[in-house]
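Chain naming follows the written order as A, B, C and D, and within any one chain the residues start at number 1.
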Amino acid sequence: MDKATALDLYRVMRRIRDFEERATVLFGEGKLWGTIHSYAGEEGIAAGVCAHLRDDDWITSTHRGHGHCIAKRADLGRMYAELLGRETGYCRGRGGSMHIADTSKGNLGANGIVGGGIPIATGAALTAKQLGTDQVAVSFFGDGAANQGAFHESANLAAIWKLPVIYVCENNQYAESLPVKNAFAIEDISRRAEGYGMPGVRVNGRDVRAVYDAAGELIARARRGEGPAFLVADTYRHEGHYYGDPRKYQTKDEIEGWKARFDPLVDTRAWITDAKLATTAELDAIDAEVIEEAKAAVAWAEAGPPASPISLPGDVYASY
Amino acid sequence: MDKATALDLYRVMRRIRDFEERATVLFGEGKLWGTIHSYAGEEGIAAGVCAHLRDDDWITSTHRGHGHCIAKRADLGRMYAELLGRETGYCRGRGGSMHIADTSKGNLGANGIVGGGIPIATGAALTAKQLGTDQVAVSFFGDGAANQGAFHESANLAAIWKLPVIYVCENNQYAESLPVKNAFAIEDISRRAEGYGMPGVRVNGRDVRAVYDAAGELIARARRGEGPAFLVADTYRHEGHYYGDPRKYQTKDEIEGWKARFDPLVDTRAWITDAKLATTAELDAIDAEVIEEAKAAVAWAEAGPPASPISLPGDVYASY
Amino acid sequence: MFYNEALGDALRLEMERDARVIVMGEDIAEHGGAFQVTAGLLDAFGPTRIRQTPISELGIVGAAVGAALTGLRPIVELMYVDFAGLAMDQLVNQAAQNRFMFGGQARVPMVMRTQGGSGRGNAAQHSKSLEAWFTHVAGLKVVMPSTPADAKGLLTSSIRDDDPVIFLEHKLLYRTKGQVPTGEYLVPLGKADVKRAGTDLTIVTWSREVLFSLEAAEKLAAGGVEAEVIDLRSLVPLDRDAVLASVRKTHRLLVVHEAIKRGGFGGEIAAMVAEEAFDDLDAPPRRLAGLETPIPYAQHLEKTVVPQVDDIVRVARELVA
Amino acid sequence: MFYNEALGDALRLEMERDARVIVMGEDIAEHGGAFQVTAGLLDAFGPTRIRQTPISELGIVGAAVGAALTGLRPIVELMYVDFAGLAMDQLVNQAAQNRFMFGGQARVPMVMRTQGGSGRGNAAQHSKSLEAWFTHVAGLKVVMPSTPADAKGLLTSSIRDDDPVIFLEHKLLYRTKGQVPTGEYLVPLGKADVKRAGTDLTIVTWSREVLFSLEAAEKLAAGGVEAEVIDLRSLVPLDRDAVLASVRKTHRLLVVHEAIKRGGFGGEIAAMVAEEAFDDLDAPPRRLAGLETPIPYAQHLEKTVVPQVDDIVRVARELVA
């Protein structure tokens, strides 16, 4: 991997981690409303996959969507503004964390319905196929979503129509409090791909390089018109399911054990320096830039006007 | 296979074929309402599977449900009475062909929703597991239903909970006018079982012996508490999708070719006589008995009173 | 021209006019659709624009949402409205809400064509009338044509509309005949149509009950009662002015629909009129609708659970008595 | 006792009383349910009777239908009513219709517990109020308790009921407190409750809006207006007599609900009253309900789209003016 790519992956991952940490603080300060779901620990998946996407490629995201949004090059200020309920937010304060979309960058939106984005990404891929472009669509979703009928129906449609869509299952070991071992009678979720007639690949989602390589091949394949694929990235969410999750369903040992075994940010720094792609100083410089950028983004967001009153029917209907 | 079993399978298959032919005539005479879907050509599947079921085992059926109902030992008179809209029908004329149920024999009903019976059979199996009985549930459905989310979600539930349910997919090559080759990117539908962690078996559904043997093993396994299985029986429907189907999506050659290649009734007679399990005369005698039984059933049904007026809320609510 | 042909005509013209328009659904290719609406379109536009799908309602409708968000103008044919229960999530949580949730960034120009109603012995899972569900969803439009001309004009407008439209046909209207303008023809959404002018009472109705109401009106006229029959045509947007203007003229309201009465859209109309035109009413607003039961199979029972012509005549007479 | 504890109390007592009662749902085991209704039940009854499921709403609800048909009395916890769109087919085409379609052979004694409503910043896909959909389905019962005592008594009755019951809680009622009878306690379905007696107008409402209406009634009383507040408690069966009796006394009707107004159940109530008690009404029946929009995220916007206490006061004053 060349230096520029490695540093860009690192920068994106750092941005995501920083965003999650800052959002958590803002939530603690009572400035946010509703709930937020941290992507901390899973940064490498969004970063590794989206590194292969253009602004005119599409993604669908989830309730745990900050990372996907950032990796798809969203503006941090507008993201914070959305969380803060400002008119300057991506969704003018109407959507919040669970519904951030940035259609200008091909992010068709976070989704509060588990599995809800899967058919939508499939439909986006249909558009590419129908219009004869080489765009691709990526649907991010969790292990839990893989047990939704929406996954089954969409995967089959994509397979029979050879649509350019990649289904990226982020297996972070839990669906809320349900461990994957209680949700599946199989150990390797990627085996489901066989039943649809598409390639199924399982990667170590904790290693951004593995994700980057696997996603690169599958996305290129889809662009060439060779059809969909199913990529399962194994990982672990470092935080609770949502801000304030008591995590009764996990032991301290389990949590600390995983955190000790991996931290995508620490690990990425390590291999970058080991591979002499960059020095610690260079990485620290990126961290500093990310922090500055984030502070500025929050400041800009907090300075924004509150979301404007709901106006009907215009907010709901394009015409009426 | 012993003589009694062979002759019983043949009798059931003959009953089914006779019923479909008679119902078609009644429909042509304008005595039926709505629509009917013929099971002709697929008799061996219902017969071979249900031969292993007790009256306290459950099945869920489909819009093409006459065969399952008969194989589960339903009363022919009450079936005809239902088609004829009589009070003496299984559903008091409220259900018709697409909703015949016989809960006294464990038939939880035909279903007008493709895939609709799959979760229901799964729930019946949950009852057996919960109450610690050795009952099993069988869900019959078509190749088309295998692409419904209901199949995916149910199969996974059954697998993780090790429920005593057998999913029997009747692959008759079409879902209405959609050929299986356009509905699946895989050739062998039974491979989907791997993705749930249950055995997947594919059999020649045109040969009742093959179905009988395969179903026997899977049902016994389920009774022993070893969990669910997926059985795919390849077959072909000799008639159109529904009474009056112009079959624009099939060629005469294709239809005649299949019919020439197999007819479950003819083939079953052949192996029974070849194996010297019974003589042609004995089989002819069964045919004669079936015909008498059917004539009597139709006569009884036609003599029945018309379905009583709808009474509310009693017809809809158990209590109100 | 038959109602189903008029719909096919609209599809053909819009597909010729705009390459982004595609049709997805079950049985719509060689077979031409369960009710022969897409007959001939496969030959005209090929299998990529007439996309026959597997039986995956949620996936199909969801794919249409995604396609609509990214530049196509998909039309989904859902074979029976009774199957909507499988696809409600994509219709309600996604299609209907995307524009609002995303602060106006998104548009979902899709149409879900489907059909409902009883009268063919298809029983409880193939005969429901579910328009009320869709009217209760902010973000959806709901259209229900009763004549071939309206079917063509309203479908054309629905396809060109930038919001998700639920287009509800009736299985017993497909083989009804009527004059249909040739070539491009649009009927705007949100405009009711006075199908018969009258002075003694206002019958507000839609879909197949429009035909029953017109028949009833003739019988009533024979008895000297002149009923005005208003065909809403689209329930969302609702033409409140047309309904209120008529009631202010006739002073009596009868709402007629096939769907079960409890929770039906007739309640919305009767309540709206009682609220807005209370002093203009000379009699209680009446609703005549389906009984609170699934549709039975038996032919002699099926008719007994939904309003028939004579039921309308009877209630209308009570109302003007 | 808190509302969510009262629900848990009913579950525990019924599970002790009847081994056929089981609970299925997401997050209901160690976590105790998204709103802590099943907290402690896993320890008490173990994982076979408190069955934590994968995220497969259609499969779970369908499994409950099959279990109910074969001898269990399953209770499904659907985390948010907004997810019902995924399970409607099994609720509507199967659970609700089986008894009728099978000519009375079958019974489906199941309860689907879920919760709806806005007020927590959960935005458009986690804040809807969808009771109207369920009331429009022949074969379902629809229950919506507003107090801890009603929650316990109605849930107990729902579990013992032989028909499928849609039991709708409200996310902002879970932490409301109230006196709750200990031990077995049943409140019959189909009986409304006069939560406050009054003479000047009748407020018909349910779920969280009952609390808002009672607050509003106090403010109105300060101004000399005595509002009678009727909590329907169950929408199906509907206690028509209680509503009509009150309107015949007060001569004024205001229906208040959180769900959007268009196609909402308020239309059913207002239409029914206009139809049955027209001459008793001294003013047009009024409906106060949610605006026709998905629920927005921002805290300062969320309250603006559903009826608040002061809105009720304002409209009630207009009504008695």
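Basically, contacts are C-beta pairs under 8 Å (C-beta built on N, C-alpha and C of every residue); 3 or more make two chains touch, one makes a residue touch a chain.
Remember, predicted model here, so these are calculated numbers, not experimental data.
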item: Touching chain B and also chain C, the following chains; value: A, D
item: Of all other chains, the one whose Cα centre sits farthest from chain D; value: B
item: Whole-Å gap between the CA centroids of chain A and chain C; value: 40
item: Cα-centroid distance, chain C relative to chain D, in whole angstrom; value: 29
item: Centre-to-centre distance between chain B and chain A (centres being mean Cα positions), rounded to whole Å; value: 45
item: Per-residue overlap in chain A, given as positions that touch at least 2 other chains; value: 91, 93-95, 99, 111-113, 116, 147-150, 152-153, 156, 160, 182-184, 315-316
item: Touching two or more other chains - residue numbers and ranges from chain D; value: 53-54, 56-59, 82-83, 86, 89-90, 93, 100-101, 123-125, 138-139, 292-294, 296
item: Arrangement of touching chains [line / ring / star / complete / other]; value: complete
item: Complex contact set, residues of chain D against chain B; value: 22, 48-49, 51, 53-54, 56-72, 74, 89-90, 93-94, 98-107, 109, 138-139, 141, 161-163, 190, 237
item: Sites on chain A touched by chain D in the complex; value: 33-35, 82, 85, 91, 93-99, 111-116, 144-145, 147-149, 175-178, 182-184, 246, 248-249, 306-307, 309-310, 312-313, 315-316
item: Footprint of chain C on chain A - complex, ascending; value: 58, 60, 89-95, 99, 101-104, 108-109, 111-113, 116, 118-131, 137, 149-150, 152-154, 156-157, 160-161, 315-320
item: Residues of chain C touching chain B in the complex; value: 26-27, 29-32, 52-59, 82-83, 86, 120-126, 291-294, 296-302, 304-305
item: Contact set on chain D toward chain C in their complex; value: 58, 82-93, 96-97, 100-101, 123-125, 130, 132-133, 135-136, 138-139, 236, 238, 259-260, 262-268, 270-272, 274-276, 278, 281, 283-287, 292-294, 296
